[in-house]
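Look for subunit A in each of the two complexes below; its partner is subunit B in the first and subunit C in the second.
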Partner chain A sequence: MIEVSGVSKSYGKTLVVDGVTLSLPKGGLTSIIGPNGAGKSTLMSMIARLLPMDAGSVVVDGLDVTNVSGDVLARRLSILRQDNHLTARLTVTDLVTFGRYPYSKGRPTLEDRDHVERAIDYLGLADLRHRFLDELSGGQRQRAFVAMVLCQDTDYMLFDEPLNNLDISHSVSMMKLLRDSARDLGKTVVMVLHDINFASCYSDHIVVMRDGRLFLQGTPTDIVRQEILSEIYGTEFRVHELDGNRIATFY
Partner chain B sequence: MPLKFFLPALLLTVILAFVSLFVGVRDVSPLDLFAGAADQRDLMVLVASRVPRTVALVLAGSGMAIAGTIMQMLARNRFVEPSTAGTVESAGLGMLTVLLIAPDMPVIAKMLVAAAFSMAGTALFLSILRAIPLRSILMVPLVGIMLGGMISAVTTFFAYRFDLLQSMGAWASGDFSVVLRGRYEILWVAFALTIAAYVAADRFTVAGMGEDFSSNLGLNYRKVMALGLVIVSMVTACVVVTAGVVPFLGLIVPNVVSMIMGDNLRRSLPWIGLCGAALVLVCDIIGRIINAPFEIPVGAVLGIVGSLFFLYLLIGRRNRVA
Partner chain C sequence: MSPDVLRKTSLVTLSILAVLSLVSAVAFMTWGARGSWSFVLSFRGTRLAALIIVAYAISVSTVLFQTITGNRILTPSIMGFDALYVLLQTVLVFTLGAAATSAIDPRLMFIVEVAAMVGFSLLLFRFLFSGHAQNIHLLVLVGIVLGVLFRSLSGFLQRIINPDDFVVLQDRLFASFNITDGTLVGVSAVLVAGVSVFIWRMRDTFDVLALGRDMAISLGLDYQAATTRILILVAILISVSTALVGPVTFFGLLVANLAYLIIPASRHRYTLPAAVLISVLCLVGGQTILERLFAFDTALSIIIEFAGGLFFILFLLKGRNR
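Right, the complex of A and B next:
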C-alpha cells in the first residue's frame, strides 16, 4: 500500500501540491486524472522520491521513501517520467538490461537475462533490440523505456503519461499489458493519464486531482459521470454506456 | 564490438608504441638492439628517455580520453572535456600556487595540489550547470570555456607579477619531450584511476542517463558525481604535472567511439582508452618527424586535429539530437 499523508510542494511561491492525503491500495491499476497543472506529475515524482517534498510523508509498504536507501526502494517501486531525453547512446537491449541494475549492479546473471528477454518480447521490441535509442521513433523509444521499467520487476510501477507518443494500437496493447501485469502478476500500477476513456475502461481505481488537491477518488463507475467530469474539466461532457464501459465524449 | 576487432587494434597500438621507441634525434636502431650491437649511449637514450616517453604517452592518452568520457556522462553533454570545463585551467592555477608557495614540493604533492584545484574548478563548473535552468547543448561548453578563461586569466596575472610566465608557458602546451625516467611515474596513479573508472563503468553509464533514472535504479547520483569528479581531476592533474595540457583528446576519442558503439561504458571504455593512447602516439610521432630535428609539441598537433574535429561535430550534429 502507498500511503501519502499531508504532502505539499511549492515551486517558488506557487503551491503545486497542497496537503494531499491519499492511500493507494496494493494491486490493481490506478489512474490519476485531472486538468493541466493539477499537480499529478509532481505528486507522482514525490511518491517515487525523485522530488523532495516540502511537507508530509510517503510510505510504501511500511518504508518511508525519504529515509529508505534508494537501493532498497528501487526493488520495490519504479517510475517512468514523461519526456525522457537521454544524451547517452544506448541500444534497446542495453537500456532494458539497466532495468536489472538494482539487482545485478551491472553484472547481469542468467536470471536477469530472462527478465530482459521477456520484457523485450512483451513490448514487441525484438526487431529493434540492437538499435540505438536515438535511432528510434518517439513511440518505439517510449516502449523501450516501459520495457526497462517492467524489467525492474517491482511491486509498484508508476508511469507518468505512458501513452505519450504511442499510436492507437500500441496504446491499447500498452494498457492491456499493464492491466494484465496488475491482474495476473499482482503488481500495483499507478499512472497519470490524460485520456479519460482509457482511464475509464482499464482502471480499477481513479484518483482525480485539481488545483494541487485530491478532488475525488473511486471506481470508474463513481467518477466517469457527466456532472463530475464537467465540473473537473470545466467542459461539457456526455457519458455513454457502451459494451459495459463508460465512455465520455466532449466534442 | 567483439574481441576480433579489439585485438588488431591493440596490436596496432603496440606497433605505434614500438615506433615511438625508435623515433628521435638520436638514431637508435631496433636491429642493432636485438643483435646486441647497440652501444651504451643508445641503451641510455632508450631507457632514460624513449621508454619513459612512450609509457607516458600511452598512460596520458588513455587517461585523458577516459576522463573526457566521464565528464561527458556527468555533464550529460557531448562537448565537455577537461579542457572545456575549467578542469585543466584550475590544475594550472594549482601548479602556479605550488611554484609560488612551495616550489620544492615532491611531484606527488604537486599533483595532489593541482588535483585539489582542478576538483574545485570542475565542481564549480558542474554547479554552474545545475543553476542554469534551460541549458542548451552549446551553452554547456561555452560556460566551461569562459570559466577556464577566467581561471587562466588569474593564473596569467600572478605568473606575470612573479615572473613565472615562462614556466607556466611550458605546461600550457603538452610536450612529452621533457619526460624522462624518474619524472613520469606519477602517471601510474592516473592509470590506477582509469582502472577504477572501468570498475565503476556501469555506475557512470547510469549516471549518464540523468538524475531521475539514476534514482529510479537506486543509484546514489551524488556519490557517483563525486567519484567521477575525483577521477577526472586526479587524472587531469597527473597529466598536467608531467607533460602539460593535452587538449581535445577527451573530446575526439569519446565522441568517435560513441558514434560507432554507443555509450555503454562497460563495453566502450577499453576502446576509449586504447584509441586515446593510439591517437596521442600518432600525434607525438608526427610532431617528432615533421620538423626534425626539432619537435612540435603534441599539444599543438592535437590542437589542430582537435579544433578541426570540434568544428566537424558542431556542424555535423546540427541536424541530430546531440
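Right, the complex of A and C next:
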C-alpha cells in the first residue's frame, strides 16, 4: 500500500500540490486523471522520491521514501517519467538490462538476461533488440522504456503518461499488458492518464486531482459520470454505457 | 548491433588506439636521441610521464563531467574550473609573497591547492546542480561568467602585485607541455593513482548516471552522493592537469567527443579508455611531431586549442540543427 499523507510542494510561490492525503491499495491498476497543471506528475515524482516534498510523507509498504535507502526502494517501486531524453547511445537490450541494476549492479547474471529477454518479448521489441534507441520511432522508444521498468520487476510500478507517442493498437496492448501484470502477477500499477476512456475501461481505481488537491477517488463507475467529468474539466461531457464499459464523449 | 559485435568493434578500436599510443610514446623517447642514453631516457621519461598524466586527467575528468551533467558540450574547463586554479595560485602568491610561497614544500602546497580547489568547486557546482531548473544554457552561461570573473580577479591581483612576485607567479602559470620537474610529476602521479582507485570502485555506476538523474534514482542509485564524489574526483584531476601544464580549454571536449564517435555504444568501460588513449595519442604524438619535425617552431597547446575550438563551434552548430 502507498500511503500519502499531507504532501505539499510548491515551485517558488506557486503551490502545485496542496496537502494531498491518499492511500493507494496494493494490487490493481490505479489511474490518476485531472486537467493540466493539477499536480499529477509532481505528486507521482514525490511518491517515487524523484522530487523532495515540502511537507508530508509517503510510505510504501511501511518504508518511508525519504529515509529508506534508494537501493532498497528500487526493488519495490519503479517509475517511468514522461520525457526520457538520453545523451547516451544505447541499444534496446542495453537499456532494458539497466532494469536489472537494482539486483545485479551492472553485472547481469543469466537470470537477469532471462528477465531482459522476457520483457523485450512482452513489448514486441524482439526484432528491434539490437537497434540503437536513436534509430527508433517515438512509440518504439517508449515501449523500450516500459520494458526496462517491467524488467525492474518491482511490486509497484508508476508511469507518467505511458501512452505518450503510442498509436491506437500499441496503446491498447500496453494497457492490456499493464492490467494483466496487475491481475496475474499481483503488481500495483499507478499511472497518470489523459485519455478518460482508457482510464474508465482499464482501471480498478481512479484518482482525480484538481488544482493541486485530491478532488475525488473511486471506481470507474463512481467517477466516469456526466456531471462529475464536466465539473473536473469544465467541458460538456456525455457518458455512454457500451459493452459494460462507460465511455465518455466530449467533442 | 548485437552485444557481441559491439564488444568486438570496441575492443578492436581500443587495441588499435593502444598500439598507436605505444608507438607515439616510443617515438617520443627515442626519435632524434643523441648522446648519453641514461640522460635522454630520464629527461624524456619525466616529460613523457607528465604528458600521459595530463592526457589521462583531462580525458577522464571530461568524460565523467559530461556523464553527470548529461551534456556533451560542457567540460570542466568551459565551466571555469581551471580559471579557479589560476585564481587560487594568484591569491596565494599575493597574500604570502613569492618567497614564502616558494619556501613551502611543493608537495604540501600542491595538496593544499587541490583541497581548496575541491572545496570551491563543490560549493559552486553543488549550488548549480541543486536547482530544479537544470537549464543547460544557464549553466554554460554561469560557468563562462564565473570563469571570466576568476580570470579578471586574477588579472587584477597580478597588476597590483609586487613585480618580483609577479615573475614567480607567471612562471608558475605558464601553460607549457615541457615539464621537467620530477617532484611535481611524482606528486601528480600519486594523486592521479589515488583518484583512479575511487573511479575504478565506482565504475558500475557511470553508465547508470548517464541515464540521467530520474532514472538513476529510480534504479536505486544514491544520486547526490555519486555526483558529489565524481565532482570531487573531477576537481582533483583538473587541479593536477592545470598544475602541470596550465589551463587547456578545449582539449577535453575534443578527445571525449572523438571517443564517443569511434566507440559505437555508450559504455564507460569502452569510452573512458578510448578517451584516455586518444588523449595520449594527441599529446605525446603531437609533441613528438612538433619537436622533431617542426623543431619547436610552434606550441602544441596552440594547435590543440585551435582544433578543439573548431570542434566546439561545430558541435554547437550541429546541436542547433537538431
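As a working rule, the second predicted complex is superposed on the first by the 251 of 251 C-alpha atoms of A that agree within 3 Å, B and C clash if a C-alpha of one lies under 4 Å from a C-alpha of the other, contacts with A are read in each partner's own complex, and residues count from 1 in each chain.
Operating definition for what follows: a residue touches a chain if its C-beta (ideal position, glycine included) is under 8 Å from a C-beta of that chain, and two chains touch if they have at least 3 such contacts.
Only a predicted model underlies this, so the values are computations on that prediction, with no experimental measurement involved.
Aligning the two structures on subunit A places subunit B and subunit C in a clash.
After overlaying the two complexes on the shared chain, residue contacts for A:5 are found with neither subunit B nor subunit C. When the two structures are aligned on the shared chain, A:130 is found in touch with subunit C, with no touch to subunit B. Of the two partner chains placed around the shared chain by superposition, neither subunit B nor subunit C is touched by A:230. In the superposition on chain A, A:91 contacts both subunit B and subunit C. Within the superposed three-chain model, A:171 lies out of touch with both subunit B and subunit C [touch as defined at top].
Once the two complexes are laid over each other on the shared chain, residue contacts for A:217 go to neither subunit B nor subunit C.
Within subunit A, the residues touched by subunit B in the first complex and by subunit C in the second are 48-50, 69-75, 78-81, 84-91, 94, 98-99, 101-102, 105-107, 132, 152.
For subunit A in complex with subunit C, the touching residues are 11, 45, 48-51, 69-75, 78-81, 84-91, 93-94, 98-99, 101-102, 105-107, 130, 132, 152.
Interface of subunit B with subunit A (complex): residues 72-73, 76-78, 201-203, 205-206, 208-213, 215-220, 258-259, 262-264, 266, 320-322.
By the touch criterion stated above, subunit A contacts subunit B in their complex at residues 48-50, 69-75, 78-81, 84-91, 94, 98-99, 101-102, 105-107, 132, 134, 152.
In the complex of the two chains, the subunit C residues touching subunit A come out as 1-3, 6, 66, 70-72, 132, 203-205, 207-208, 210-215, 217-223, 260, 264-267.
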